[in-house]
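What follows is a group of structures, each given as structure tokens.
Same chain, two partners: chain A is paired with chain B first, then with chain C.
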Partner chain A sequence: MRETLTPRERFGLLVIDEKPDRCNIIPLVTSHAAEIARMKLKKYYTNGEAMARAQIAAIEEYGHDAISIFSEVGIIAEAMGSDFDYPDDDLPVIKRPALTKKNIEDIKIPVPKRDKRLPVYLEAIGYAYQSLGDKVPILAYVPAPFTTGMMLSDPKTFLIQTIRDPDHIKKIMEKSLQAAIEFCYDIIDAGALPIIVDPLASSSVVSPKAYKNFALPYERALIDFLHRYDLDIILHICGNTEPILDLLLETGADLVSLDQVDLSLAIEKLSKRMRIIGNFDTSKIAFSSPEEIMEEVKNMVKRGIKSKKGYIASTGCEVPIKTPPENVRTFINAAKEVGWYWE
Partner chain B sequence: MFEDLKPKKINLTEWSHQFRKISDQIIKKYKYYGNQDWGIYLSPLATFMVYGARQLKRLKFDNSFAALRLWGFVFNESERLFRAKQVGKKVIATMGDLGTIPVIVMSFPDCIPFYPECIWWTPFFNESFILLDMATKLGAPEPACFSRAALAAFYKKAYFPKPDLIFASTGASCDDYSCIMQLIEGLGYNPIWIEIPFRRKSRSYFVADDYEHTKWGIDYPKRFETYLMSEYEKVWQNMVEFTDINNRNYLAKSIKNANRLRKLVENIKKLSYEAELAPFPGLELMVIEFGNLYGYADFDEWTDIIEMVYETISERVQKGEGVLNPDALPIAWVTPSPDPYLLNLVEDLGCRIVATEYVINQALVEIEEDIEPFQALARSFLNASLIGSTEQRVRRIIEGVEHGRILGVLITNMLGCSHCAMETRLIQQMLSKVPVLSIDVPAPFGITEQLKSRIAAFVETIRCARR
Partner chain C sequence: MDLDKIKEAIIELNDRDTKELVANALKKNIDPQEILEKGLIAGIKEVGNLFTRKEYFVPEVLLASEAFYSGFNMISPLIKSQILKKKAKIVIGVVGGDIHDIGKNIVKVLVEASGYDIIDLGKDVATEKFINTVAREKPNVLALSSLLTTTMMRMNDIIKGLEQRKLRSNIKVIIGGAPVNQDFAKKIKADAYGKDAADAVRLIEKITGA
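And then the complex of A and B:
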């Protein structure tokens, strides 16, 4: 079937509850884009123009429906004072969390245009927007307060404090929320739609109770802020989210990106109020054969497009960096074969 | 409540800063179609940039709350039309006549008129060739007027929903648009065609015709009025058939609503153009003028916005405040520009727009309320500059020049628009007493330094002439 719409037009229809020509296809091609552009990872995550060029190269290679400005979830924590190592061929690795050096009261809200690698994202957005912004939506991934909070702390201490010192955790959350709001503010001004990512709030990491008490209220607060802009907000939580599916409705997110969840169950529980994004297994996209990917993606998309408020065919999490391009192409081709709404 | 700051033009980033001061309560207060769940439209300009309106990054806007409402509402139109369909309203495309048929359509409950050809601004706001290139592929030649974007929009079905009915005007309408409409018909749409007569000026050769004149002094052959009334009757009957409603009292009410807006806009123009300092920017004033056509698909809310704009302008005029330099040179603008940036640019270079001839004056005059409604609509339409002689079209501009209110005239032509090509030279000749600059509006994102220099030279010429 012939594509009638550009990715931007397709996404625009989705967010106003209209069926586009076919479903949006947005595998989470993030740092994998550096591979497509044959670029050192360090260059990708430290240079905004390079990040944008890699993303544009990926769009040209695969023909998917959005640019993803993202490298890793420590970006805000880094700007708030956590130290990272920056390997040439791998993503930044946390070395020393900020709260092991100073108190929460002494941590400053970063200035996104100035501090650490936040300007890299903003520059990448600006470059991508100028290059392809009329045709392709630009999505910028923003770590949610819970994830940032954990990247500010020693993770073990942080998790223990959720039980022993919840007030302290809430202080961390408040500050992380403010930082995320400031970052989103500049992201919007640069032309991208913020996606809230909260991988460390998944049930693979914390209990549903901890999610409800410490992650959800701040996801909701951030989403409320973004709703002031009348933007449609994506919440991405990778890992297992089946135990918190009902709670996701309380976040107010307009689109929810899921990973290790039964897609039919997610559609049943969420699709009256949320558009569903997901959720192809990322280990399969990295390691399965193209034939297996073709069949499984088709099955997934056939179920996904039945979702009432709309569906985006995607991977459950980021496409692994070293995924064979053939596999990503197969994912997209499979979704393009069966994901049609228009006759 | 958000309190307006000292009037000035600000950019998108500055608007985002101001927007942070606006409370959630206020954001939720303004809704289209009065819908509490999805009717929000009060967004900063950055929101629309995120969704692809790239030119907003380069434009400057008025900093009043009224202007925020205005822009939020205008940019929300596409979504509004889709939502209208989703909640069971009927979306009626009214094309080419510019201002009259929507008054009939709005007489029918839950029927929303809109002008698909107004999408000609979209390629410029988006700095994008997507619609224009698609129109070319669909058979509208590249040199055709930018209204060819409508052809691509009908094909793509992503900018407005499939209309429930389409009324399309032909005859003494814009001919490029008429051709485009015929191509749209070829896509499988079924427009109901309305013919518009050419308004002859001279009585002497057509002795068989009785002539009348409109309340605003335009002569026309009486039988054209009768003819237009029959065309409007055709529109009415189609609407009756479609909705199963037939109540002429609604038409009288619709005319009253249209007049309420038209009076407001007339007052806004008068206040703005006659004030010592320009109280509102030319770009916003152009958007306001075009709002008379159909209220951007929610006539009541738009009228409410325009009331707020009127209050803002009145207050500024009373306080002697303006958005442009006090020595800005008063000019007239002839033919609307599809590129909004040009209006910013001309003001930045030192001009102030004090008169316009945007070929929609039929939508600016009041409709008579004390005669038969279809006759009143016909008589208001017969004021249209698009359907008459060039001399009639520029008469008011010439008057402004004679009275010294207008020191220069800028004509923005559309490449390929035959109407522009034939008329511009004539207009230039008729306006020989002041500097006249005629420019071809380039394709999106195409304003060059050379074009800027030409406009700067035009401004300098006016300045020298004034000295």
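And then the complex of A and C:
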């Protein structure tokens, strides 16, 4: 079968509920792009132009359907005062969380064009937009308030406070929400679509009740805000989300990107209202043989395209950095074999 | 009964009650060893089970561990001198470049609650630091955690480093974390792989014979 659309057109049809030629294929190629571009990780996450060049190199290599502007989920917390180290060959590592130094009241809302590495993302978006923006959608990953909150605090204290001191958590959430909104303004302005990521809200970490009280309301607030711009918003939660599938409907997200969950169950519960993105096991893409990947991705995509409101073939979370490129190509080829809507 | 109440208090995540109940039990001259095993440890083990069954999540386990320690700290000085010689010494940490420490912390709580002496090196721990700590502390078991495919090969580096420094034969190395598995353990010549915190305790018991 023949491809007739550009990635941008394909994404555009998906979000107006029209069937594109084939399903969008967007494995989450984030820092793995630095491998493709043979670039030190540190350069990738500290230099916007480098990040964009790596992303463009990955698109040229794989031909997947979107650019992913992302390094790690600490980005907003860092601009709010958490300290990170920048190893040459690893992602940034948190050293001193902001709330171990200051009270929440004293934490300032960052200026995205100025503070820490937020400008790296904005520059990367600008650069990618110049080169490929007309053909390929650009997704910029914005950590949701719950995840930022935990990166502002040390995780243990934060998690205990969800039970012991909910009012304090809510204060952290309000500030983190403001920061995320500011960042989103500039991301949209630069030409990307924000995708909200909230790994710490998954049931791998907190209970459905904690999700409902502390994560969901702020995911929803952020999504509501973005809806004013008439954007279709992706919510990505990696980890286990099976216990919170029903709650995800309440976030108002237009597309939902899932990791450890039975895809058919997710489709059954969510596909009346949401497009489903997912959910190939990231350990498998890194370690399985191309033959196994071919087989399993085909099975996944065959199930995925039954989703009523559409489906994006993707990995459950980002493609691990050292994944053999052969495996990513196999993922894409498998999805291209079976992911057709038009005859 | 007093000991059941202690166990309950831990399951209910209540550190104040736990402390009070332990103090009362001590006043009534209940054997500290009994308090530890049938009260505190029974409680935290049940919390471990609830976590495995996904009835409890990470925050609940962290609170339960606070409750556990609020009692444990009162009785450990009393039993150290008499019965409880620590069963074995364990060094635990998350490998370099990896900041996922939630799982490691849970493993630590259950291992410590099972009566082992545990040294926690934290997260993002340099390969050299693991090796130097083994050389200095001479633990029975080294427990390594990694959640990232990018950093898990550092477990291999650590084991190689132990071999080079002739430290490998005196220590058992166990590994865990989302992307690692039995095959990987074999490949890097670790002694065992554990899938969760309860498994970690089982492995250590088996390996050290205590």
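The rule we apply is simple: the second predicted complex is superposed on the first by the 343 of 343 C-alpha atoms of A that agree within 3 Å, B and C clash if a C-alpha of one lies under 4 Å from a C-alpha of the other, contacts with A are read in each partner's own complex, and residues count from 1 in each chain.
Just so it is clear, a contact is a pair of C-beta atoms (placed from the backbone, for glycine too) under 8 Å apart; a residue touches a chain by one contact, two chains touch by 3 or more.
Keep in mind that what you see is a predicted model, and the values were worked out from it rather than measured.
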Contacts of A:Leu193 with chain B and chain C, given as first, second, both or neither: first
Partner chain in contact with A:Leu13 - chain B first, chain C second, else both or neither: first
Chain B versus chain C as contact partner of A:Asp230, first or second or both or neither: first
Touched partner set for A:Ser283, first chain B, second chain C, both or neither: second
Which superposed partner A:Trp340 touches (first chain B, second chain C, both, neither): neither
Chain B versus chain C as contact partner of A:Ile160, first or second or both or neither: second
Partner chain in contact with A:Tyr86 - chain B first, chain C second, else both or neither: neither
Chain B partner contacts - residues on chain A that touch it in the complex: 4-6, 8-10, 12-13, 16-18, 20, 129-130, 133-135, 137, 185, 188-189, 191-193, 228-231
Chain B to chain A touching residues, read off their complex: 12-13, 16, 19-20, 24, 27, 40-44, 46-47, 49-52, 54, 57, 78-79, 82-83, 86, 126-128, 130, 155-159, 161
Contacting residues of chain C [partner chain A, same complex]: 13, 54, 56-60, 62-63, 66, 96-97, 99, 101-102, 105, 124, 148-151, 178-179
Chain A residues within the chain C interface of the complex: 87, 89-91, 93-94, 155-156, 159-160, 162-164, 203, 205-207, 210, 243, 282-283, 286-287, 320-323
